[in-house]
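As structure tokens, here come the structures.
Each of the two complexes below includes chain A, the first together with chain B, the second together with chain C.
Let's look at the complex of A and B:
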């Protein structure tokens, strides 16, 4: 017997529709920062590209803010009981923006040929896949080599965008001239891109989901300076400010403007978590007591309230609050400088100066480094800040040439996709600032992460991940700072903008403007 | 000496400058007594406006640090960098200028071409490059400022030495058989010292400005509080907290103004032609 997921029911539970009836028409003006290098989502997946092109292309599934799958290009799906076969039934009557019909062949081509070549994160998922086949034009079947827990979480538009086979088959993907005029199946069509000024998308009148989208057009404005972006919103030039558009310090002022709404939803799929890398290999940070002392010494509530404008949550450990299997019984460690002092003493610290290499992502992160330095100085730990640019920071981390460093990484909703990579010993490799940079190695943790990823049974996964969180929280391989709050600011008259776990990235399908 | 003081005093601006500078130096030196602990300490809630209480007369910054303490400690950095980098510039500029001016000919050509090379590169851009190459620290910043500000010294000294070289007393010294180093060091340089002093006082001022600009751009020593850093950090909150950029700005203006006034007065007091006209 197959477990059939009632997709329609799921979508009802997921999206809380606003009370008024949507009206068609209107234009949305949005800030895009920085300007994306390309809108061909199969080739470029950086944040701004996803934000714009997620409305041009589509994935097989969408995810609500609880990360439950919802239909997109797939109208329903089944998972076999052994967790090895995933069958997707596609929507009918879907056409590409150039009028060609969409079929299961496009899906097989995208996953098996195109993305295998161009998309590193999806390639990691493909490692678990044995075959991808299309038994008929409306069905796609994925066969796995072994069960992979988060597989159903891999079909979001940025993780697996479906690209047109008739345009790309047999060509050199990177140099195909069609990359400049992206063709997708999504609710909006690419219309115009004036480099350095704006990107214009227009409504797709032949969209398969009857009646959607509601907006006629969406303009994405390129405004390079944070203060100018805030002014553009104040003067009415733009109506929507995605997270990161304006300085943290400006958020309070802007959100107090009339007809302005703010939401922290729409980032659950990414679940960005910020932490302090602690070099577990050498120096005082090699000692567990010393690392625990650091976690007690950091005044994380102060950091959140004064540097991040009160946005975000203090994490209870390595799993962000929005990541599945976060053990909600664990409580975040309190700010306790006295305990920290005792632990520093117990660790045998002899006054060595630690090198802190802050992430150079702007003023907030520099202030963060200064606060960390002062917090640690208060418990007797000496820290020296080494300032550097983005390339230098990557270099320091890739070469393990640091004692402390700050960062934040996406968790993609599932521990097997976004958490284990920073803690399993198989991922200790020089040359990348995104893997197990701290050099934490514990066979027990490795085994538990393997168990968690290698099954689809939620109870089994939960047991493994609960155990892993207990160990990690006690050993403090990194000092977790903040599950970052990502505020989207918009005029209150723009409705249903954020209804999914990826927010604006596929939000314009449902968005409408109240007259 | 008494004569010099008399002439210096004649210029009111110089006295005001001297008083200002003395006050700034005093605050900077007494910083550890006035504000025990360190200026990075978060002592109150963020964004306390100035003049609200005696505890934080100039308010607190984005993370609750005392602005007054920052100013006092920042003064130490600014003055120190200004002085030391000027000394460094003099140490490079005076020998280059003296050798070029005294020997002339090929040596002069060679040294002046090198000097021109440094003069044609925009000094601020060069300073940024130097600091960026050797990670930002108080040593690299001082060095960078010294390296970009010595060419005018070299040119000035060269001119002075060249004209003194033609004087009869130098010819007499040569005929007496005095060694070349002795002539340059004991006969020529002491007579060229007045314009150098005037120039140095102005160079301290421009070095302070240069250090502030570097810190403003985020190329300051991240472990030392400085005025330029304070303004740079305040830039993003200028609409919420004007005092964070205003006070360090005022501190820079006053210091640079004081040094310029002093330089001006020194020029009056040390320039023999002007003094003769006055007396």
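Let's look at the complex of A and C:
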């Protein structure tokens, strides 16, 4: 028997859709921060590029807030019992923004040729794929080498954007002039980009999902100063503040404004978790007792309540709360400076000064570094803060030149996509700030992550991931700080903005403005 | 006689230009080396932003940026290109650096030019007024306000301006170059841009306004003590004529020097003002290029700014000669 996933049902599981009937028309003004380097989503996948271009391009699937797949360019799909064959049936009547018809050939080209060359995260998924074929214009088949648990989670627009074959085939992708006027299949078309000022998207009148989108146009405003972004909302220039647009200490003031709604939904697919990198290779942090001491010494509730405005959850380990297979039986370690002191002593710490290289992503993160320094000083650990800019911080981490550092990473809903990369020994490589930077290496953990990824059976996966969480929580390769709360602030008259676990990144498909 | 003076000036300008070319080349090389000495490179930054990376991705980027070449090769190529008036390509922005600069230049010149004009005119006027009323309440008022402007950090003044005029009073737009998507044209558009310009130009101009007024006042008071002013007064000239023709003209030299310095920075933009007001100018371009290690853009901005400083120094020297013929004669 083939498992048929009832795709249509999934779309009803989304975040409370509004009960009123949508009305067409109007314009949304959104903050975009920072300005994306490019909107060609196949080439550039940083957060702001995804936020804008996720409305121009589409993936095969979307995901609801429980991470169940929903139809997008694929209207339905089947997985074979052995977990090796994934068959996608595509929507009919889809055209590219330049009027050319879309077909399964575009999907094969995107996955097999374009993204293989340009997309590091998708390249990792492709390692599990044996072949991608299009038996007919409306069907795409992925054959895997061996079962890969989270495969069905790899088809969202940022992970696998479908790009037009007729424009890119046989060209140098990076220098193709079409990159400046992106052509997708999505609900909005690229209209204009005045660098440093704004990006304008307009409604795609030929969109395959009839009747959508409702908005006529979306303007993304580039405002480089955080205080100015808050003012822009207060004075009505913009109506939507994506998470991270304003400083945390401004959130309370802004959300109290009239006609203002705030939601933390729309980030379930990304599940960002923040932690302190602990350099497992050298110095005091090479000792397990010392690392445990750090986790006990950090007052994470204070950090959440004072620095992050009470947003977010204290994690129970390396799996964010929204990530599948989080072992809910595990409880977060308490704040316990006495225990920390004892562990510091047991570790044989001789008063070495640790170098903390904080992530320079704004005020909140700098203050976080100060709290960490204070917390560790309280248990007798000496810390020196080394300030640098983003490029310098990347370089410090890529060269393993640090003792402590702060960061946050997306988990993409599944441990095999977003968690294992920071803990398996195969991912210890200089040159990236996002892999196993701490240098933790444990063959048992490697094997368990392999088992968890290499099957589609939920029970087997759960058993492997439960075991891995127990080991990691005991060994504390990194000190987990926060499953981050990501608030989207908007006028309450903007309806159905966040309806999926991907949130704003493809949110304007359903959004409408109440008159 | 006139011919020889002209020849002299022309020779002097030519000599200055030759020196300037050498200075410019030195600046170019120095900037290049300094920028490459900073930790991180554009590939690391882009990989960092993507939130995922592997060796292939980094190698691809480095090859694209030409970073896989040894440094001296990169330097040689860059200098060679600049000598051919080619400022290179910004892979991050997918545009030639020259086009990028030209895109941002009008906004920056409008902002810095307005601030320059406003601060010079109002500053000198206030200074003259204060000097002629020295010791009276209006002098005290002007001096106090000037001191206040002089001491106020720019970004704070800007934010307070936004708070008062945009948030509380609602008179002026808080940020941006024009109303986005308004479709205004002609006079209506010019008015719209002027409205957006008011706050940033004023807050940028405040500091220099204060400097000009303080300097004008001090310089005028100094000149007023000199013997020739007493002579003019003894001759029976009116107060207004003495102030305008004898004192102000002689007091102008230090102000010209300062104006020359400020004018040299016109093209470099104003990082803080442009950031707070989301003004799409060169200062922001430069700052973003710095954090992104977009070497070509950064070097391009530095190069054009350095060239402008040199040009304005030259112009300042020429203006000295007009203001004070004694300098020309030397």
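The rule is simple: the second predicted complex is superposed on the first by the 514 of 515 C-alpha atoms of A that agree within 3 Å, B and C clash if a C-alpha of one lies under 4 Å from a C-alpha of the other, contacts with A are read in each partner's own complex, and residues count from 1 in each chain.
Please note the rule applied: a contact is a pair of C-beta atoms (placed from the backbone, for glycine too) under 8 Å apart; a residue touches a chain by one contact, two chains touch by 3 or more.
Predicted, not measured: the structure shown is a model, and the values here were computed from it.
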For the combined arrangement obtained by superposing on chain A, do chain B and chain C clash, or do they fit?
fit
Which holds for A:409: it touches chain B only (first), chain C only (second), both, or neither?
second
Contacts of A:388 with chain B and chain C, given as first, second, both or neither
both
Winner on chain A touched-residue count between chain B and chain C: chain C
Does the superposition put A:124 against chain B (first), chain C (second), both, or neither?
second
By the touch definition at the top of the document, which applies to A:367: first (chain B), second (chain C), both, or neither?
first
With the superposition applied, I'd like the minimum CA-CA separation between chain B and chain C in Å.
8
Overlap of the chain B and chain C interfaces on chain A comprises residues 227, 388-389
For the complex, give me every residue of chain C touching chain A.
38-41, 44-58, 64, 91-94, 100, 103-104, 107, 159, 162-163, 166-167, 170, 173-177, 180-181, 274-278, 280-281, 284-285, 288, 290-293
Tell me, which parts of chain B touch chain A in their complex?
38, 40-42, 46, 62-64, 132, 135-136, 218-219, 222-223, 233, 235-237, 239-240
Considering only the defined contacts, which chain A positions touch chain B in the complex?
226-227, 247, 249-250, 253, 302, 306-307, 358, 363, 366-367, 369-371, 373-374, 377, 384-389
Give the list of chain A residues in touch with chain C in this complex.
27, 29, 34-35, 37-38, 44-47, 120-121, 123-124, 174, 179-180, 194-198, 200, 217, 219, 221-225, 227-228, 231-232, 234-235, 237, 388-396, 398, 409-410, 429, 431-435
